[in-house]
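Here subunit A shows up in two complexes: once beside subunit B, once beside subunit C.
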Partner chain A sequence: MTSDMVNINTDNTISAPSQRTVSADELLLRAPRARAFITGSEAVSEAVKRANIDMSIAYPITPQSESMHLIGDLYAQGYVRDYYRAENEFAVMAAVHGAALGGGRVFTATSGPGTLRAMEMFPVWAGSRQPIVCAFMCRGVALPPSIQPENIEMAFLLDTGMLMFHAENAQDFFDMILAGYAIAEQPEVHLPVGVFADGFFVTHTREVVMLPPDDVKLPAYSPDIAPIQPFDMEHPPVRQTRDPLMNKSNFTSYAASASWHQEILAAAERARKHINKYMGGLIEISNPNAEIMIIASGTAASQSREAIRILEREGITVGLIKVKSVRPFPTREIIMATEMAKLIVVPEFNAGGWLAREVKASLNNNDRVLAGPRVFGGMAMPSEVIVDEIKKVINNKC
Partner chain B sequence: MKQVNIDIRMAGLGGQGVVTAAHILGTAVVHTGKYAVVNPFFGAEKRLAPTESYVRISDEPIYDRGEVMYPDVIAVFAPQVITAGKSHSIPFYSGLRNGGLVVVNSEEPVINDKDMAEIDKMGARAVYVPATKLAVDFAGTDLATNMTMLGALCGLAPGLVDLDSLLTAVEERFSGKSKIVASGTTAALDDAIKSKFDRAAALVEKNLVAIREAFRYANR
Partner chain C sequence: MSINAITPTKEFLDILTPEYKALHANGPYWKQTSVDDLGTFKEITEPHPHCAGCGVALGIRLGLASLPSPEDTIVIGTPGCAYFALSQSNLNYSCTAFGNQNSVASGLKRMLTLRHPGKNKDVLVMVGDGGVADIGLDYTLHSWFRGEKIATVMLDNEVYGNTGGQESGMTVKGRVLNMAPMGKKFGKIPVFEMAKTAGIVYAVRVTVASPKKLGAAIRRAVLVAREIGPTYVQAYTPCPTNMKFQTNKTIETAKEAEKSYYQYEEYVTEAAGEYLRGLGENMC
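Then we have the complex of A and B:
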């Protein structure tokens, strides 16, 4: 009966006009690319257009609204098989989970307070091993309220079990969403992927993005390769939530739950080689031999690049470790890339400093880490601020 | 070596097309082979509320994101930006780089003596262009003010972009060759402006005439 359901889902393909199926390797790694001058929101739509999506469910929130609106347009054009606007973010995240459990490839996106409202569902996605790809257009939450860019919500999601990639710009946003499906749907991974971008800095900014042709798309998702079968009452995780045996307070139920937890964490570890393949690594390094290294993700990496330019003109060489994958975290890569570093600067667009905490927890001699500068509440981070922080340390040592 | 770059801040009122103007200018620049990054001020949208947009232009890839804090060029689309404080940046010239340029849409001087002295001190210059009047005279609607502002900027700031590339970008914008949606309300405004003209082609043609006239005015 299960296989019949699978067939119904996978055969129900309304082909968008003249798109042919190509492998993820072809689409991401080999297809020729052409320049487009587009916003980050449009880049999301371009990725979804090529992702052969069965279902996308929207609930608008700034700065996510434009991209999910554009995906509604894709539905009207036949590129997305089903689409609707749900009651709220919790409903969206619960419904895409249902669609994924049923064997479909799904996409959705949200921002800040929407992320928090839907919070309960993210560990559920991971717990049921669904390869859902969700974009997070990060913005302020109510501390105090702001619709503007900052990425504190990423701190809240670090231990939900989902893979987390942080896009620096519209190009990354496009690539990471498509790579997200390629990685999430590996049988040995099969976990949800969150693709994060700093709202407005990426979503509302127009820049050149290199795109593969739009007459190709990923092959349809096949739930047959999943480590768990589509919605099936006899296997974990559904059996786990359904079956009284599993929910009882006894050793068997604890052991079953614990081993399932461990398997989710192990699956994230197994994602590393696929991240290396489809995203070119968990980190990206510029000026690897510099004694001063900046470790940054998202827009903070861009602002760091400008700071490095300014310092270069003054004869100060600074390197950059751009963190692309936050989960799994590139612990080994960062240890190796900072072996020579005497100063490690971690600029961030949030008040909590979650990346600095991750970095400090990864390194032995972490008094090298300068946990800042930080901006939040929607402020921009002029590259001069990073330059000043670095110069302050240099001048104190002289 | 310092890269050759121009950072522009456009300030006006919601609905004037300040964001659309930035997207069009950025598109024109990218057509010439240079790099451009465009973004609006990151706020909620309201008609007639202060609105800013930013264009960064360079010969090199641009990484810098967010508001332009130190502009070379400030384009003021509505005199109320200066006279009524309808501006995110107060005073409106804050952060202006030495030797910079301020272009103000107004038929008469609106910058007070104190502010003018500050602008002079920076070695910057302020120029008034009757952009709304030019829009009404040549495109038949004040909704083309963003077009005449672009034409004037093109004429006043050599090295920004050439007029032909600008005109091509405008044609693309309204012919649907490249869809630029500045915001959720832009589509509604598009319909409003299209209703001012008989056909979309007439809209493009009148806009192009208005831009050329503003360019000519600026070069006088």
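Then we have the complex of A and C:
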């Protein structure tokens, strides 16, 4: 018995649509934008369409699947040069690692349990200094089982070495994926980027997104500017593995591993100025002088804006610090933005409260921090819940 | 890779290692070396910390001496004993998470095909039996089902050697090892037979007791993977340390296996055979 051989489309026979190459600065910061009424999944596809991707590898999981279907369509149209469905998420993340070793630009996406199944590969990406961009359409994991929106998976990824950006809406999702490549591929950064959005709320709803024209794309990735060389046997291969030494039992080996790891952490620090440039900062602040500040990321920031409007009508002024970059974490920015704050509220879409932990660890006088409210298991976060939490504190103090 | 890539600048010649200079002057790049030529050229395998009598180290040495284009070969590994020699060979070698090798190789091969059209960039997976048959079986089989153009070599020492001698899926039935205190309860996983139904177009089962056959198998597996489809070599590389035989009995042990359960077999599909004959490869 022989299986039918699949014709692998790696010969680049599909003619690529005509797109003009423009710089990341032009595409992200200067190109005119037009309104589109699209879902978050479609926003991902619109970003990939303009990102000059060599290869994308897919595996289905709710609520990520639709975006990777659309990227399959982009492959069929010639916007992405190679694409296939792999056998599971660990295989996907291993294969994009292999593709990145080959010196090209890659994209993939996953959700919740897929993130956990693939977990072992994320530190490998950072350890290999690969500028892979991966979208995470966050959902519950089996704690207990849930396919619904929830972003507990972000907690698990905080120390994998990847940069982590949290999109509030489809606009952020589009912008952060493209900015992700611009930031990840800086020679002094060259680290993976995870772009996170709360599943369903962002992926499956339609909103106005301002898009640059689709006849422009990022310049092709060049491994020549990378701090490490690609695995293509075009360079002297003598006695070198590009990856750090696997620990052998000697001090030289420990020191090599530790200094390599320190360099990964330092590279993430060096990303800050590029995040400021391409994403307008690690945080965004509204009502900076308010004595009550909400710190939120993702869709919790949207719900917080509505809560702030409700409280404003009652004469209570509340500010918002929207955290866009979770790694690197905006420690200094949050310290400065909360100098006047007497109450800091951190609403989250997960039971663990990872953002509240990060905030508390960043601040002096962290008894100002109200670590909640939190919703999970798929529940929405009514703005009234945030309002009630804030009022409870105000009333107790009176 | 062009010869310019490894030609040293005159001014730096004196600070380069003797190994580098020897490799440049008399290495296997751009030659078609074989096992017969061992001892006449600078090998891409360097000194390594494998145990005395290690079958895996021998398998790697024979395999790397037989590559049709070492100057354009990238080896993907997985944690295990094979890491020790491969990580110190003069090739691009990557080894990350355990079992992921055929997925990494799939992505790498496709990307190299995109980035270097018209060039042969050979992607060779060279890993142990645990990596293929246990933790990486899923990814190995799926790369074969997909028809990925990569060569996979299992260095089968029938044990997890690097972690201290545990039973693997390729251990023979009844063998007492760590994690099999009463003896293994089932036989070797029939990966060689599975390969034939999973889309492999060329496969060889061989042992280190037949070095020429092993070298030829790896050479042909790499050649066929360039044009026809996925290939597989399963090489018995006995482990004196964990199987508790004397370090000078490795070949003898492999020879004994050849007489019973590890007989030489070459599986060649029509397309692979036609391709090899076209290249002037004489079949065993």
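Worth pointing out:
Keep in mind that, in the parts below, the second predicted complex is superposed on the first by the 367 of 398 C-alpha atoms of A that agree within 3 Å, B and C clash if a C-alpha of one lies under 4 Å from a C-alpha of the other, contacts with A are read in each partner's own complex, and residues count from 1 in each chain.
Criterion: a residue touches a chain if its C-beta (ideal position, glycine included) is under 8 Å from a C-beta of that chain, and two chains touch if they have at least 3 such contacts.
Note that the structure is a prediction, hence the values are computed from the model and not measured.
Of the two partner chains placed by the overlay, neither subunit B nor subunit C lies in contact with A:W354. After overlaying the two complexes on the shared chain, residue contacts for A:T299 are found with subunit B alone; subunit C is out of touch. In the superposition on chain A, A:F107 makes contact with neither subunit B nor subunit C. Of the two partner chains placed by the overlay, only subunit C lies in contact with A:D54; subunit B stays clear of it. Counting the residues of subunit A touched by each of subunit B and subunit C gives the higher count for C.
After overlaying the two complexes on the shared chain, residue contacts for A:A99 are found with subunit C alone; subunit B is out of touch. On subunit A, the surface touched by subunit B in one complex and the surface touched by subunit C in the other have no residue in common.
Within the complex formed with subunit B, the subunit A residues making contact are 35, 37, 62-63, 65-66, 69, 147-149, 198-202, 204-208, 299, 302-303, 305-306, 309, 313, 378, 380-383. On the subunit C side of its complex with subunit A, the touching residues are 1-2, 5-6, 17, 19-20, 23, 46, 71-74, 76, 79, 83, 87-88, 90-97, 100, 103-117, 121, 138-139, 142, 145-149, 197-199, 229, 269.
On subunit B, the positions that touch subunit A within their shared complex are 1-3, 23, 26-27, 30, 35-40, 42-44, 62-67, 69, 178, 181, 184.
Listing the residues of subunit A that touch subunit C in their complex gives 1-3, 5-6, 8, 10-12, 54-55, 57, 81-82, 84, 86-88, 90-92, 94-104, 106, 120-121, 124, 127-128, 231-239, 241-243, 245-246.
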